[in-house]
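Two complexes are shown next, each including chain A; its partner changes from chain B in the first to chain C in the second.
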Partner chain A sequence: MTALSRAGDRGRLLDARAGLRGWRGNVLLGRPGGLWPLASTLIAGGLALPILTVLASLVQPRDPLWDHLARTVLPVYLTNTLALAVGVGLGTLLLGTGTAWLVTMCRFPGRGLFEWALLLPMAMPTYLIAYAYTDLLQFSGPVQSTLRAWTGWSRQDYWFPQIRSLGGAIFVMALVLYPYVYLLARAAFLQQSGCLLEVSRTLGRGPWRTFLTVALPLARPALVAGAALAVMEALADYGAVQYFAVDTLSTGIYRTWFGMNSLATATQLAAWLVLMVFGVLVLERLGRGRARYYYTTAALRPLPTYALRRLAALLAMLGCALPVTLGFVVPAGAFAMMTRRGGDPLWGPAFLQLASNTFLLAVLAAALAVLLALVLAYSLRLAPSPVTHLTTRLAALGYAVPGAVIAVGVLIVAGWLDNVALGALRSALGLPPGLVFSGTLAALVFAYLVRYLTGSFTTVEASLTRIRPSLDEAARTLGHGTPSMLWRVHLPLLRGGLLTAALLVFVDVMKELPATLAIRPFNFDTLAIRVYRLATDERLAEASTAALAIVAVGLLPVLALSMAIARARPGARDT
Partner chain B sequence: MSRLVRVLLIAAVGVTALVAALVPLASAQSREINVYSARHYDTDRSLYDGFTQLTGVRVNLIEGTEDQLIERIRNEGANSPADVLITVDAGRLWRAQQAGLLQPVTTATLVARVPEHLRDPEGYWWGLSKRARVIVYAKGRVDPAELPTYESLADPKWRGRIVVRSSNHVYNQSLVGSLIEALGPEATEAWARGLVANFARPPQGGDIDQLKAVAAGEADIAISNSYYLARLLKSNDPAERQAAEGLGVIFPNQNDRGTHVNISGAGVVATARNRDQAIAFLEYLTSDRAQEIFALGNSEYPVVPGVPLDPVLESWGPFKEDTLNAARYAANSPLALMIMDRAGWR
Partner chain C sequence: MSTRWEVETARGAGSAHHAPTDTATPAVQVEGLTKAYGRVRAVDGLSFAVRPGHILALLGPSGCGKTTALRLIAGLERPDAGRVLLDGQVVADARTFVPPERRRVGMVFQDYALFPHLRVADNIGFGLPRGPARAQRIEALLAQVGLAGLGHRWPHELSGGQQQRVALARALAPQPRLLLLDEPFSNLDAALRARVRAEVRAILRDAGVTAIFVTHDRDEALSLADEVAVVTAGRILQRAAPEELYRFPASPAVAQAVGDADFLEGVAAGDLATCALGRVPLARPVEGPVMLLFRPEDLVLEADADGPGIIAAREFYGHDQVVTVRLPTGAELRVRLRPDAPATLHQRVRLRPRGPVVAFPRT
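And then the complex of A and B:
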C-alpha cells in the first residue's frame, strides 16, 4: 500500500467518525459534490412531474369500467405486451450483437460499407415500416397478388404469413430497433482492449469462444442497455401495433381514454405499462451485475481482426446485408415506388418549412437532453446517495410511457402552471390573461425531454462507467477541480458516448408523433405529422414523400455518428 | 469576470426572461380566429382561405385527433385561445358539450341552413357535412337484395364474408349507437355477436383497407363511409379505380328508419375570445360556396339542401337517411364500445 492510499484511508476514517461521509459531508463541507444532488433532484423532479401527475390518478377508486376491462380485454393486452417485449428484446439482441461483432472483429468484403449501413434502419420509424410492410405483404398487396397471378390460387388455396399480427409486429420492430443494440455493442467492442483478446487466444480459445466467454460478458452493460432501450421503445409504440391490429396496453390506453371517455381507467392501464417498464429497468440493473467493468491498462492495442475465408465471408456478408435490406432498403424502396406513382402534392416551400421545423426541434431537444443526462450521470458518480439513485430512476421512466400519455401529463402541468401559478401572478401584477407554457415550443421540448431522456442518460451512464474512478482520483491529485476534470479528462473520453446519445434523441424526436400532435403550437407542423395525417386518411401513397423525407433527414446524423465513433476510439489516434 | 459579476449577470438574464415571458405577445386579436380541427383533408385549406378573403380574418389552424383537441381545450381552461372546434364525428361534439367546452350559439342563418337532425337542439354544435355509413359489396358475388338492412349482416349465411374496421373507431361506435337507439342494447349485442361471427378476418386497417380487401377477394362485404368509396372511384391510380368499379353500394334500411348518417360539425368554444368572428366562420361554412368545397373536395354530402353533389354521389341517387338526432346516438357511444367489447369486436 502506498503512502498516498494510506493517507486517503485515514481521511475517510476521520470523515466517517464525524458522520460526514458521502453526500451529507459533501453538502456540509461545501465539497464540489454538494450541488450535484440538488441539481439532479430538480431535473428529475421536473421531468417526472407529468408522469407523476398521470400516476396520481391511480389513487382514485376503481370504477366498474375496470371490471369490464379485466373481464374482457385486459388479459389480451397483458399477454400481447409481454410477448412483444420479449420478442423484440431477443430479436434486437441477436441482430445487434451479431452484426456489431462481425463488423468490428472480422474482415470480409464490404465490411467498411456495412459498418455504417447497419445503422440505416434507425432512421425508419416503427409506424413507417409497419405501413410499408403492410402495403407490400397484405392480401391485396403486390407480393400476394403476384403469387396468386402466377399460380392461379385463390384465398383458400395457400397459406401466407399474416403480416398484421403479433409476429409481424415483432418482426418489423426488431428490424428497426436493433441499431440501438448495434450502436452500443459496437462502441463496447471498439473500446475493448486488444490485449484481452490476445491473451484469450494465447490461452487456447478460438475466435468463437473468445467472443462468447470474453468479449460478450465484458460488453454486457452496453448490450443490456441497448436491449432495454429497444424494448422500451417497442412498449411505447402506438402507431405500428394499432395499424397491425395487435391489442397491447398502448392501444388499450387510447381506447379506454377516448373510446370510453375514462381517463382514470386509462391511467390505471398506463400504470401497468409503467410497472412493466420498471421490470425492464430492474432486469437491466441485474443484467449489469455488481461487477465493475474497467480496463486495468491504458495501453489499448489495435484490435486483432479475423480474416474470413470464402464461405464464412459470404455468410457474414449475408448476415449483415439482411437486416439492412429488410429494415431499410425494402421499406424505403416501397415508399420510393409509391412516390413515383403519385407522391405528396406539397413539395415546395411549405414542405421546406416542415423540414426546418422538424430539424430545429430535434437539434434543440438533443442538445438539452445530452446536457441534462450528463448532469444526472455525474450526480450519480460524484455524489452517490439514495436521493440521486431515486431521482435518476424517476427521470428515466418517461421513455416507456406512450407519447400521448406524456402529452396529457405535460398539458395538465402546463395548464396548471398557466392557469393557477401564473394566473395568480398575473392578477397580482394586473397583466391580461394569456398562455405562456401551453401550446408553446417550450412545452413541446419539455415533453420530448420527459420521453427521451432515458436514451441519452443510459448511453451517457454506460459510457461513464467505463471510465474507472482511479482516473478521477489521479486527476484530483494533479490539482484538477471537478469542472476542470470533467472538461479536460472525461469529455474527450466520453465524446463517442455523448454523440451516440445526441443522435438517439435527435432521431427519436424527428420521428415522434403523438406528443407533437397534441402539444404543438399553432401553425407549426412537422414531417411526422404530415405523414400521420395522410396515412390515417389512408392516402399512404401521398404520405410517401414526407416519409422519405423523414428517413433522409435521419440519415445524415447516422452517417456522421458512424464516422465519429470510429474516430473516438481511445487509442485510435496512436496508430 | 469575477464570480459575483457572473452570478449577477445570470440572475439578470433570468429575471428579464421571466418578465418577458409574462408579457403576452401582442397580437391583433380581433382579426383572427383559432380553429382546432380534427378534419385532415387538404382541401380544407381552400375553405379557410376563402373565409380570410371574404372577411379579412386570419384563420389559425391546429389539427389533431378530436380527443387530444378536446383534452387540450379542457386543460388550457379559461386561457384557451381556441375559438372553434371542428370534428369528423357527432359523438365527439357531444362529448365536448358534456364537458362544458362549447357554448350555444343560434343564429337565423344557421337554423335555416342546417337541418334539425344534424345539429344540437340547443345550438351547441352544428353539422357541416354529412357522410353515410353504407354496405359495400362485390358485384357478382353478392346479391344486393339479400342485404336490405344493417340487421341482415348478422345472418349466418354471410359467415366469413364480412370485413369492417375496428370498434376503436368513432364511425362504428356511432353506428352501433344508432342501433342501440333503434333496437335496444340486448338486441344490438346479439346483432354484434352475429356480425363478429361473420368476419373474414379480425378487424384491421381503415375503411379503404376493407374496400380493397373486398376488391381483392379476401371478403365479399364491407361496411364503410360513403366518401371512401367515392375517393377510390376517383383515384389517380388506375388499379384502384378498377378495383372500385367492381364494388357496389347499398344504402341500408331504406324501407324503415333510413341509413345511418354521421356529421362532421363544429361548435364555438365556451371560452372563445373571438366569438363574433367564430360565429361568422360557422355561418360561412354553411354557405353554398363552402358546402360545395366540402362536397367536391372530399365527396361528402353537404348538409344544406340544394347544393350540387359530387358526380359519383349523384350517380348513387338520393337515399332515405335516418333522421335520429345526432345527439342521441352520440350519447350511446360508450355503451356501444362496451357492447362491442363483449361481442369480441376488437
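And then the complex of A and C:
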C-alpha cells in the first residue's frame, strides 16, 4: 500500500493527532532536547504565521469600510457560504455513501470498474467543472440549442435551470467532491465486521433495515469526516463561485482586497472564513461523538454481499454511472471536444512556457513539502514530546484553510518582512529599498507549503509509523550504525510514501487557483491562471486546452489510488 | 558437559550451594543494573552472570522488566545505574556506552522484525560483510535452520515458525558472542510452539552460543534453559537449574511461578510439620509456623468414607485429570491423577504427600 489519498490522509488527520503512536524517545537516533524539537518548531511556526496573522485581525479595531460591509454584503456572504456548505455536505453524503454501499456490499455487472471509476471526479477541480457546465448549459450551449432544435421553441417558450446560481454551484461541487465521502465510507464499510451484519440478519432485520440501523451508524464517523473534507473544499473554492457570481466569503475577500483596495478588511473577512472552517471541524468532532465505533476482529471475514438481479442490478449500475458521468466524463468530454475544435490560440512555445512554469512551481513545492514533512515526521518519532506534538499540529493547520485566506496571510507576512525586517537591514547597509518576498516565487511556494504540507506530512508520517522500532533495533544489533540503518532500512521502506507525498502536493499545486492568483509574480502565469483568465473573458473554448492538461495530470494520483484500492482488498494484503 | 550445570551466581537466595567452581570469564555479566521509566523502576538492581555456552531464561509475568533487561544488555537502552560486561569488557556503565552495532550481541525480537523489503537470504545476510564468503554463510545458515532453498522468498511468504527461524538465522549470522531472545515463541500458536521450541534448542546447542531469553511461559523456561531466573518487579527472586527451582523453590512466589502450587498452613518442629493433612515429613528441618507447598503430582489420593476431604471439582485433560479436594478447614488442594483413576464429585477422600514436603517459614 503506497498510494494514499488526500481524503484518506486528511481523514486520518481529523482522526485526532493525539492518536499518534507515542514511542519512547529512541535513544539510538536522537534524544529529547536535541535539534529535532527546534527544527520542527521553526518549520511549524513559520507555516502557522500567515494563518495566525489573519486570525489576529479579529481583535484589531474595525475601520469604517468594515462597518459598511457588515451592514450591506456580509449577511449575503454568510448565508451564501452557509448554504453552499450545507448543500455540498448533504449532496456529497448522498452520492458518496450510496455509491460506496453499492460497490462494497452488492454484486452487479461493472462493480469492479465502478469501484475505481467513482474516484475519477477527484481529478476535476471545482472551477473547471463550473466552466464546463456553463459552456454546456448556457443559452447558446449544446444542450439548450439541441432542445430548441428538437422542439422549435425560442427563448421565451421554456424554462431552463440557470447553472450560474447557488444551486448550480452546489450541484457541480457535489459532483466532484463526493469521492471524499465515497473513499472514507467505502473503507469504513470494508472494515466493518461481516459478523455484525450477519448478526443483524439473524435477528430478523432485512438488508435495508440492516443498512440503516447497523452499517450506517457504524460508518458515521467516516461519513462525517468525508463530508467535512468536502465542505472544507467547497469553502475553499474561489473559481467556481466567482464564475457563477455567487457572493461567498472567498469571493468577498478578493473583491474587498482588489476592488476596494482594503487589505485590512479583506483580512477580517478571511478571519470569518477561517472561523467557519473551524466550525466545520468542531461539528466533525461532535458528529463523531464519544462512542468508539471500531469493532475489528483479527480475522476479517469476507463481507456478505447481496447479488442484485435484473431491475435492481440495472438501478445500481445507473446509480454508480451517474456521478461518474456527470462529474467526470461529461466535463472532461466537453473540454476534449472544445480543444479538438479550436483550443488555446497560444498552443506552441507560449503554452509550453505556461506548462513549464506550472511544472517548476509544482516540483519545487513538492520537493520542499516532502523535505519539511520528513523533518517533522522524524522529530515526532525520535523526540516525541509535548513540544513536537504541538508543533506538528500547528503545522497542520493550513490544510483546512482556504487558499484566499492563505494568500492574504502570506502577503501580510511577506510585506512585513520586506518593509520592516529587510527595510531596516537595507537602510543600515545603505542599499536602495526593494521587495524580496512580496510578489515573488518564494512567497508563492511558501503559500503552497502552508496549504499543502499537511498532505505530505501525514503520508510520510504514516509510512514512517509502519517501520516498527524493532526494525531499527534489529539493524543496530546486526552491526549497522545510524547512517547505514537509515540508508538500508528506512529509505527503501519510505520510498513509496515519499513519492506519494510528492505526487499529492504536485497535483494540488498544479490545480491551485486562488492563492496563485493573488501572490504570483507579475506576468508569471500558470495553467490554472490561464484557464481562469480565459474563462473570465468568456473564452471557454480557448481555455479548454489548459483545463484538459490540468485534468490529465490530476488523474495521476487518482490512478495510483485506484490501484491501491484494487490491491488492498481484504485477503490480498501485503504483509 | 559436566560443567554445563554450574553457573556462576552473583545474586539469588536458594542457590547458594551453586558456588562457582571455575573462574572462567562469564560471557555476560550484569551488576546492579537499574532502569526507570518515569517513576516505574522496570529493572531494579539486577545482577547475574552467564557462562559461555549456557542458556539462561528470565521467567516472569509481563511488565516485570525482563524485556528491558535484554534491551539494556543489547545496548538498545542506556542503564540509569549499574553496568554490563561482555566477555569481561565493560560495555555500559556510568561513563561507557558501547552502541548496539559494536557489541556483537544478536537479538531475536518478539515480532521477529524481519525487513519486509528484503528477501529471506538478504535478511539473513544483513549483518554480514560483503564478500565471497557471504553467500556461503547464508546458505549454511539456511540449511542449519532447515530453510534450505527458501532464500529467495519474501518474509511474508513464510509461515510464523519459518519467520521465527529466519530471525534466528539472521541473529546468528554475524556469530554474536551472546544471543538474546525476547519472548521468542509468543507469536506462535500452541501446536507449533512445542515443535519450534525443540528446533530452536537444537539450533542453539549446535551453534554453541551463549543465550538469554525472556518468557512468561514456565514450560518454555524449564524445558529450554540450563538455568532459570524468576523475575518480579525488576528483581531476581531466585535462579537455579530447572529441576532445583521446581523442587526446592526459595519462596511461595517462586513455587507458583514455575508450576501449579497449593499451600497449607502448618506448624513445623524439626523434620515434621502438622497441618490439615495431619503430620507430614519435611524436606529440610524448620521450626515454627510454616506454609507447606503441595504440587498436584506430589499428593496421593485414597477413597475413604471417613476421610477429611471432599472432591469439590474435577477437570479431565485426557493425559491426566486434576481433582480439587476441599479440606475441613476450607483449604483446597489440587491432585493430579491418572486419567483412569476413579474419582467422582462429592466423594470423601484422604490425602497424603508422596514424599518430604517443602516448607516456608511464615512471618
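Here, the second predicted complex is superposed on the first by the 344 of 575 C-alpha atoms of A that agree within 3 Å, B and C clash if a C-alpha of one lies under 4 Å from a C-alpha of the other, contacts with A are read in each partner's own complex, and residues count from 1 in each chain.
One rule holds in what follows: a residue touches a chain if its C-beta (ideal position, glycine included) is under 8 Å from a C-beta of that chain, and two chains touch if they have at least 3 such contacts.
The shown structure was predicted, so the numbers you read here are calculated from the model rather than taken from an experiment.
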First (chain B), second (chain C), both or neither touched by A:253: neither
Contacts of A:245 with chain B and chain C, given as first, second, both or neither: first
Of chain B and chain C, the chain that contacts the larger number of chain A residues: B
Contacts of A:479 with chain B and chain C, given as first, second, both or neither: second
First, second, both or neither for A:414, with chain B first and chain C second: first
Touching partner for A:470 - first (chain B), second (chain C), both, neither: second
Contacts of A:140 with chain B and chain C, given as first, second, both or neither: first
Touching partner for A:533 - first (chain B), second (chain C), both, neither: first
Shared contact residues on chain A - chain B and chain C: none
Touching residues (chain side chain A, partner chain C) in the complex: 24, 27-28, 468, 470-471, 473-481, 488-489, 492-493, 574-575
In the complex, chain C residues that touch chain A: 37, 71, 74-78, 99-107, 109-111, 113, 115-117, 126-127, 155-156, 170-171, 173-174
Interfacial residue positions of chain A with respect to chain B in the complex: 68, 72-73, 134, 138-140, 145, 154-155, 164, 242-245, 247, 251, 254-255, 257-261, 341-342, 345-346, 404, 407-408, 411-412, 414-415, 418-419, 422-423, 425-426, 429, 431-436, 438-439, 517-523, 529, 533, 536-538, 541
Contact footprint of chain A on chain B as seen in their complex: 21-25, 34, 40-42, 60-65, 67-68, 71-72, 75-81, 95, 166-168, 173, 202-209, 212-213, 215-218, 228, 236-237, 333-334, 337-338, 341-342, 346
